[in-house]
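Chain lettering (A, B and C) follows the sequence in which the chains are written, and residue indices restart at 1 in each chain.
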Amino acid sequence: MHWRMIEPPPAPAYVVVLDPGDEAVAELSGFARKQDLEAAQVTAIGGFERAVVGWFDREVQDYRHIPVAGQCEVLSLIGDIAAAADGPQLHLHAVLGLPDGSTRGGHLLEGQVWPTLEVVIREAPAHLRKTIRPDVGLPLIDLTRPGEAPAPQ
Amino acid sequence: MHWRMIEPPPAPAYVVVLDPGDEAVAELSGFARKQDLEAAQVTAIGGFERAVVGWFDREVQDYRHIPVAGQCEVLSLIGDIAAAADGPQLHLHAVLGLPDGSTRGGHLLEGQVWPTLEVVIREAPAHLRKTIRPDVGLPLIDLTRPGEAPAPQ
Amino acid sequence: MHWRMIEPPPAPAYVVVLDPGDEAVAELSGFARKQDLEAAQVTAIGGFERAVVGWFDREVQDYRHIPVAGQCEVLSLIGDIAAAADGPQLHLHAVLGLPDGSTRGGHLLEGQVWPTLEVVIREAPAHLRKTIRPDVGLPLIDLTRPGEAPAPQ
């Protein structure tokens, strides 16, 4: 994994390029923690040699796991980063392209990169807080409380 | 629906978070009218408990309606906002993820949010005008006439 | 094809609107060369009357071509522009919506626009270099060498 800041603060943008064998969710979560991202937008394309996506089952309040076994194009990987109780939390949704052009997609649970994943992360000079919604069973971005200034670095 | 400005003018960005039961097209259209958005880019992920997407049929110059009946992941919701004769007009395309990981998609006509829709709207200090194209039957962004400064607020 | 700068330098954004009959890859490549784009992000929606997408076959180190024969919604067209040895190079992935709401997608090889393609291109004040990876058979964004300042205009 390599990265570079391509737009300067106060609203920095980063290009992050993942390498063959990198697991996308772990690498991007690690990057978000190291940069202490509290409000950011994520967009990426590339390829996975295998992935697991999820569909959220309301009844059981958990993701149904959907494995995608072979090499696929990452047609879109879109999401955001907000601050949860235990640090920056990624929320990423993926659409994957199979050899016949058909697609699979869901909440990205795991993606093994091959040959690359080209990611743009745009950080905002703001703080987005996630709080657990017991009725849903998920942490959601909570704008109902007044905004906070980002913590000093 | 709650929103917060996360980047300041002259090119403000907003996070808009929709709540369970909100209808996405109506809520985002209302937001665009209240903020008087004349040139903006929209990106979102989240979930719908049901939706209607459209495929534009050239022969009849109208959208074929495609209902998506159950809970689905909003894998990508991408589009723009421009100024039409009757105010800001959204143009949104959606890819939706079903329980087995297969996908459906089209021009977003209607989407009932559950549990959330996390939307980023980036406004540009510009004016994009839509004009009806009689040969197409749709209002399209028209850059053939000189640009106008945004109307004073 | 018409375009307008909607955000000013040093990180300009452009709206590019393609017309019926335009071939998207050729038009956007031409725009990138004329503007000498060395680091940019691309997002678009619209429609194609036919397209060819690709799935990268590791064994033969080339794209398998997947034709999409009829009118389709461009549900997402996401990608980036970086500097390769022979000038700016686009990397675009598309998800396309068919009349029944099913989708096809892949690396965009060719797309005949109808009725429009609404493209936002965000240029960064940076330089992203692509170098051929012989083990992969593709030029990939290379952040392993130190960053370079953009060439003076």
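As a convention for this text, a residue touches a chain if its C-beta (ideal position, glycine included) is under 8 Å from a C-beta of that chain, and two chains touch if they have at least 3 such contacts.
Please read these numbers as outputs of a predicted model, since none were measured by experiment.
Engineer: Over half shared numbers or under half: where do the identical copies chain A and chain B land at their interface, same or different?
Structural biologist: Both copies, chain A as well as chain B, present different residues to each other, with under half of the numbers appearing on both sides.
Engineer: Rounded to the nearest 5 degrees, how far is chain B rotated relative to chain C when their C-alpha atoms are superposed?
Structural biologist: In short, 120 degrees.
Engineer: Return the distance between the CA-based centres of chain A and chain B, expressed in whole Å.
Structural biologist: Roughly 22 Å, centre to centre.
Engineer: If you look at chain B, which of its residues touch at least two other chains?
Structural biologist: 43, 76, 78, 95, 103
Engineer: Tell me, which parts of chain A touch chain C in their complex?
Structural biologist: 2-4, 6-8, 13, 15, 17, 20, 43, 45, 47, 71-76, 78, 95, 97-103, 114-116, 118, 120
Engineer: Write out the stretch or stretches of chain A touching chain B in their complex.
Structural biologist: 11, 39, 41, 43, 53-58, 64, 66, 68, 76, 78-80, 91-95, 103-107, 124-126, 128, 133, 136, 138, 140-144, 147
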